[in-house]
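Input: structures, listed below.
Next come two complexes built around subunit A: one with subunit B, the other with subunit C.
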Partner chain A sequence: MKATLRFIKDLNKNKAFLWMVLPGALWFLFFSYLPILGTVIAFKQYRFHKDGFLASIINSQWVGWKNFEFLFSTEDAYIITRNTILYNFIFIVSGLVCSVLMAIILSEIVNRKLAKWYQTGMFLPHFLSWIVVSYFAFSFLSADKGALNQLLGSFGVEPIAWYSETAYWPYILVLMNLWKTIGYTSVVYLAAIIGIDKSYYEAAMIDGANKWQQIRNITIPMIKPLMIILTLLAIGRIFYSDFGLFYQVPRNSGSLFSVTNVIDTYVYRGLKVSGEIGMSTAAGLYQSFIGFILVLTSNALVRKINKDQALF
Partner chain B sequence: MDNQPVYTSPPGIQQTRKRKSRDFSQLSPFWNVIANLIAGVFSILCVFPFVFVLILSFTDEDTLAMNGYRIFPEKWSIDAYSYIFNVGNQLLRSYGVTLFITVVGTLLSLVIISLYAYALSRKSFKYRGFFSFIAFFTLLFNGGLVPFYMVATQLLHIKDSIWALILPLCVNAFYILIMRTFFLTMVPDAIIESGKIDGASEFRVFRSLVLPLSLPGLATIGLFSTLGYWNDWFNALLFIENPKLVPLQAMLMRIENNMQFILQNSSMMSSAEGLEIIRNMPQDTSRMAMVILATGPIVLAYPFFQRYFVQGLTIGAVKE
Partner chain C sequence: MSKRNLLLTLICIVLSFSFLSACGGGGSSSNTTEPPATTTEPPKDTKEAEAKSAEKTDEKPVELIWYMIGTPQKDTDKVFEELSKYTKEKINATVKMKLLDWGEYDQKMPVIAASGEPFDIAFTCSWAFNYVTNARKGAFLEIGKLLDEKGAGIKEVLHPAFLEGAKVDGKLYAIPTNKELPAQDVWRFNQKFVEKYNFDISSVKSLESLEPMLKTIKEKEKGIVPLGGDKNFKPLLPFDYVDESIPIALYADGRDTKLMNILETPETMQALETMHKYYKAGYVSKDLSTINSNDYSKTGKWFTDRANTAPLADNQWSASYGYKIVSTPANDPLVYNWSVTGSMNAISATSQNPEKAMEFLNLLNTDPYVRNMVGYGIENVHYKKIGDNRIELLPALTEGYTVPGFALGNVMITYLQKDDPENKWDEYKKFNESAKNAPLLGFNFDPTPVMNEMAALKNVKEEFYPPLMTGTVDPVVNLPKAIKKFKDAGIDKVRDEMQRQFDEWRAKQ
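Let's look at the complex of A and B:
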């Protein structure tokens, strides 16, 4: 009784704050937490019911791990897992190396005005949607009119049907990803480099350190915390991919699925194209669950090495 | 010029002095050229595709059909644009949808996010730990696409409504994190306390004291949201079938394979004369023109706003 009274008193005291978080909390309830509860569909044979979501769930038959068994008995499970992890791994490594390099290059360019122009130019792709980027890609890769086939043609190379040859797509996707993300991430690293206390460099100069030694011993160690945080965030999301890159840029081309299908596109097609609700929910849950474990482990690892650099 | 050597110091001395300052504070000319080349070429590569599509949209349709996509077309033309403005009611419609969801969505998300983040930033809020967890857990774990789709369509019934384009993008725990950090670092406790002493309510303090101090933070989040709404096509792909509710990016997606879509709302479909015009439509070039019209505003505006985008991520990466 006393506890309840105190609780009511507390609620009343925090009334204003509770009103403030209410809209956001409702949003999280409907768009995050109810869907989390909804993952129970993964263990059911889902049937639509006219009385809505709850009725559909209640009236669907419980099938236990069947959906997962089906999923992992197909070759798709292997392909989408492999594609998702490998692409993301390459994206993380190449993205880190290229954007740190580009940030250092931008910070060292003597003419600051020019550097600003370069920076603005490479920032552009960040502001474009994958739809627009896919049009860009098409203007180069179109089999009959594309600029690339014309260029190859002038060297006497036969035109290539880019949108049906799987061999090129791993390279195309990695390059497209770099093209779209380097500008943004390198500008973020650049901001960190510019924020480094100038007196470190002055002290190094007095000691006779040259430019390379300064970069290696001051710049890189100083942006290392940011590198670790951003990489950690990326590793935590290694099971998620950029849907637009894998769905839109290859123009949803069926003959490319073996190299472009990732978990996200698989789940989308399961939901909207083939209607395998149970199985695609299972694939989504598999993604969330492994992703969750990965975030926790990578964070724990960093925590062990350096407590300050862990995310939580 | 006979007297020139008098004014310049002996070449040897000048060079050593120059080299000394060069070695330690900035790149040597050789490496500076290399650095300029790498950064310059990459930034041109980033802008070039846009310029290429711009050129294609001003190419003559027949030239394009014959020669393919070329950087220097044989014949220029503005047919694509005049066709779009004549028959493309759909373009106008989609522009309207995108503008509407961008404005309403950004305002809504600014209100919800800043209120939530402000409450989390206040130490006197007893349940801040709980509500922080509620928000940040969503960054670590989610139910996946299918249950999200089911809740949205079968429980909230937002399929084929404008809300399907607004609500899903409206809140984001990462933005709340950024905004909370902003409040914690930019708004001194003393100011809030002074407001409380003067007898102002929490909402009053928030509105008249805190918000004016947090404008840079609001600008950052607002621009993130604006970009998110303007470029969104995924929610339209999931939820929208009614052509009247198709936003710009989704429209670009639909005309990828055929241009019929932009003619749906056109009055010309009914008359014979109109059908003739439609048959002569410059398909390829108008598609490119649509891309330009949909991205133009962003390309023109982003150079002025880019610093806020960097600010957001660097602040977000700072822990409390």
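Let's look at the complex of A and C:
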């Protein structure tokens, strides 16, 4: 009785916060927790049933691990896993370094109006769909009429068939990804930097610390927890890849597969005609399971080094 | 310190949450305009019709939902309200059409079917919402018996080869559209240049025979694409494929019954070498292997390309492009599985009223009033009659009701348009009679035993096909590489399985 009363009192006391959490909690419930039950499809050969979705799941034949086999059946398994992990690893590292750098630079600009201007400019690509971006890129990289080949031509350099030369694409993809994501992540860090108590800097200045020393000894340590958390979250998605970046931007060019084929594009290409839901669910389950393990491991590592900064 | 830590954690969870929702939102945002829900009660101005139908039967009219491919149109609901007045009287059912845009139909329909959402009729074919695959998965109702009971008219109008070719494992799951039956490839030419250089196009048939013309155009016309196409471009090869996405086939002339990997045939090597020569000479765009769709037909800056033809197609092309197109055959017309199943309408397994759906399909294929309203809209709004069986399209049609005519049932009972010759449908019938059957007609491969290999092979195909087939890479070096990769991905196992099923099927014929 007493416990219930206390619970209601607690509810009442925190109701403002609880209301704020509610939409997000519902979102997670419907779009993240409820679909977990659907992972059972990964072990079934999904066939339609006239009584709807649930009946289809129940009546489909159980096939065990068979749906997972196609992911590992060819030598492509190695290429797609390597590409996915390496690209994401580079994205995480380059994203972290560049966005922290940008955030610091932005926070140090004295003219606030200009700073806002730069910030908005950097943020803009975040809102563009990869499909739109792929056409921008094509206008630069087209072998026939691309701006880049025209430019090279004016220097007397032979035109390059960009969409069939694998050598350039790791750089192009990393650059494109940075260009698109840096605005967003640097704002997150910028928010953290602005939140740092100014008296730290004043004290440092009185002690004679220069800008560089201030950044190294105040700014970076203060935003370190945020850096760790965001990186941990990114590691959880290391087995997922940005489909638009790897499929649309290289224009699905076959010659580039050895450097652009990742797990998501492989699954899409393999199943887009047959539409085997069981097999694509299997691929998704595999990706999230590995991601889950990676998050647990890296969190445990962080925990070992500094208990306060671990995610959980 | 720990408080600040907590605060930061909170901020970043909120932020990452908004990140996630931004990502999730993008994919699912649909641009299909959901038409306003109509009540099952009939509109006021049809009281008379209602009274009539009430006399016939006391049943409540059922509403049929029909999914169709095509850009959503603003007058769809208006047209189908008008049509429903008629169908309510005839078969006591109202019809509602939901259009899904060209690009999204193939992606949304499998989801709609998989989720078990109830609908009655859906467009299906060999190139979108794949007919055979989805029939096997149980998305469609088996309609053989229903056709006998409620669709007698359909059996009368359809060429028997249509129903025969549409069978999957001996069972019928959809009603093919009565239109051109065989498929034939033609070389299309931009008449402007044919005239200018006095080319004799009747001498053209093979890819090689185009060369002198391409050479002239390349040398004399700057900025004109001599040979057009997109990344799906393939030189014409004389094969009939078991599955369009896997390079296993028979010779189309049916000279033997042993399935083979077409990449290992001398014909393929020769065609690819020609393409590579053309690519190097600049007869095709340097970007051919990555062009998703072509826009040269709009600009008119092209000389020739390859297309699938139908009777009087030259007129249609000329009318839609706004300049004259002429064509000459590149091969003989043959009836393929994919040409028979090029446009069909199936009844959903989740339909609550399959009999009514079949009755409606029967009307659609036999009743000119229904068929023409579905295809051209309302008389004197979207079109006006200028003859007994001839109409002129009004601007309202372009603005508010442009639907894909080939997908909406029997085209041979539709009105002729202003410039169509009187014998248009006779030409169609003649074309259909003239065709021979391709060797694999009626055989449908069941990929279930080799699903893993199929997924791997499709990846290999997307890797090697566009660059090889467009001539972008040298086949002497790259074709052996492609063959090896196909072998590693298990093409021989798939071939053996296909051969086994094919032999089994043949024994039953």
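Here is the rule we go by: the second predicted complex is superposed on the first by the 225 of 312 C-alpha atoms of A that agree within 3 Å, B and C clash if a C-alpha of one lies under 4 Å from a C-alpha of the other, contacts with A are read in each partner's own complex, and residues count from 1 in each chain.
Quick note on the criterion: a residue touches a chain if its C-beta (ideal position, glycine included) is under 8 Å from a C-beta of that chain, and two chains touch if they have at least 3 such contacts.
For clarity, every value in this text was computed on a predicted model and none was experimentally measured.
Of the two partner chains, subunit B is the only one that A:T281 touches; subunit C does not reach it. By the touch criterion stated above, A:I229 is placed in contact with subunit B and with subunit C alike. Using the contact criterion defined above for the overlaid structures, shared-chain residue A:I182 touches subunit B, although it does not reach subunit C.
In the superposition on chain A, A:E108 makes contact with subunit B only, while subunit C stays out of contact range. By the touch criterion defined above, A:A191 reaches both subunit B and subunit C. Between subunit B and subunit C, more residues of subunit A are touched by B.
Of the two partner chains, subunit B and subunit C are each touched by A:G52.
In the superposed model, A:D144 makes contact with both subunit B and subunit C. By the touch criterion defined above, A:G95 reaches neither subunit B nor subunit C. Subunit A residues 24, 27, 31, 48, 52-54, 56, 129, 142, 144, 184, 188, 191-192, 226, 229-230, 251, 270-272, 277, 311 lie at the interface with subunit B in one structure and with subunit C in the other. Contact residues on subunit C toward subunit A in their complex (touch as defined above): 1-2, 5, 8-9, 11-12, 14-17, 19, 21, 24, 26, 110, 113-116, 130, 133-134, 137-139, 231, 245, 285-287, 289-290, 292, 349-350, 447-448, 451-456, 458-459, 462-467, 472-473, 488-490. On the subunit A side of its complex with subunit C, the touching residues are 24, 27, 31, 45-56, 69-70, 73-76, 129, 138, 142-144, 159, 161, 163-164, 184, 188, 191-192, 225-226, 229-230, 233, 251-255, 257, 261, 266, 269-277, 279, 308-309, 311.
Put simply, subunit B touches subunit A in their complex at residues 23-28, 31-32, 35-36, 38-40, 42-47, 49-50, 52-53, 56, 64-65, 68-71, 111-113, 115-116, 118-120, 122, 125-128, 131, 134-136, 138, 140-152, 154-156, 167-168, 170-171, 173, 176, 201-203, 206, 227, 231-234, 237-238, 249-250, 252-253, 256, 284, 287-288, 291, 294-295, 298-299, 302-303, 306, 309-310, 313-314, 317, 319.
Across the complex, subunit B is touched by residues 10, 13-14, 16-21, 23-25, 27-28, 30-32, 34-39, 41, 48, 52-54, 56, 102, 105-106, 108-111, 114-115, 117-136, 139-140, 142, 144-147, 149-150, 179, 182-184, 187-188, 191-192, 201, 205, 209-211, 226, 229-230, 236, 243-244, 248, 251, 264, 267-268, 270-272, 277, 280-281, 283-285, 287-288, 291-292, 295-296, 311-312 of subunit A.
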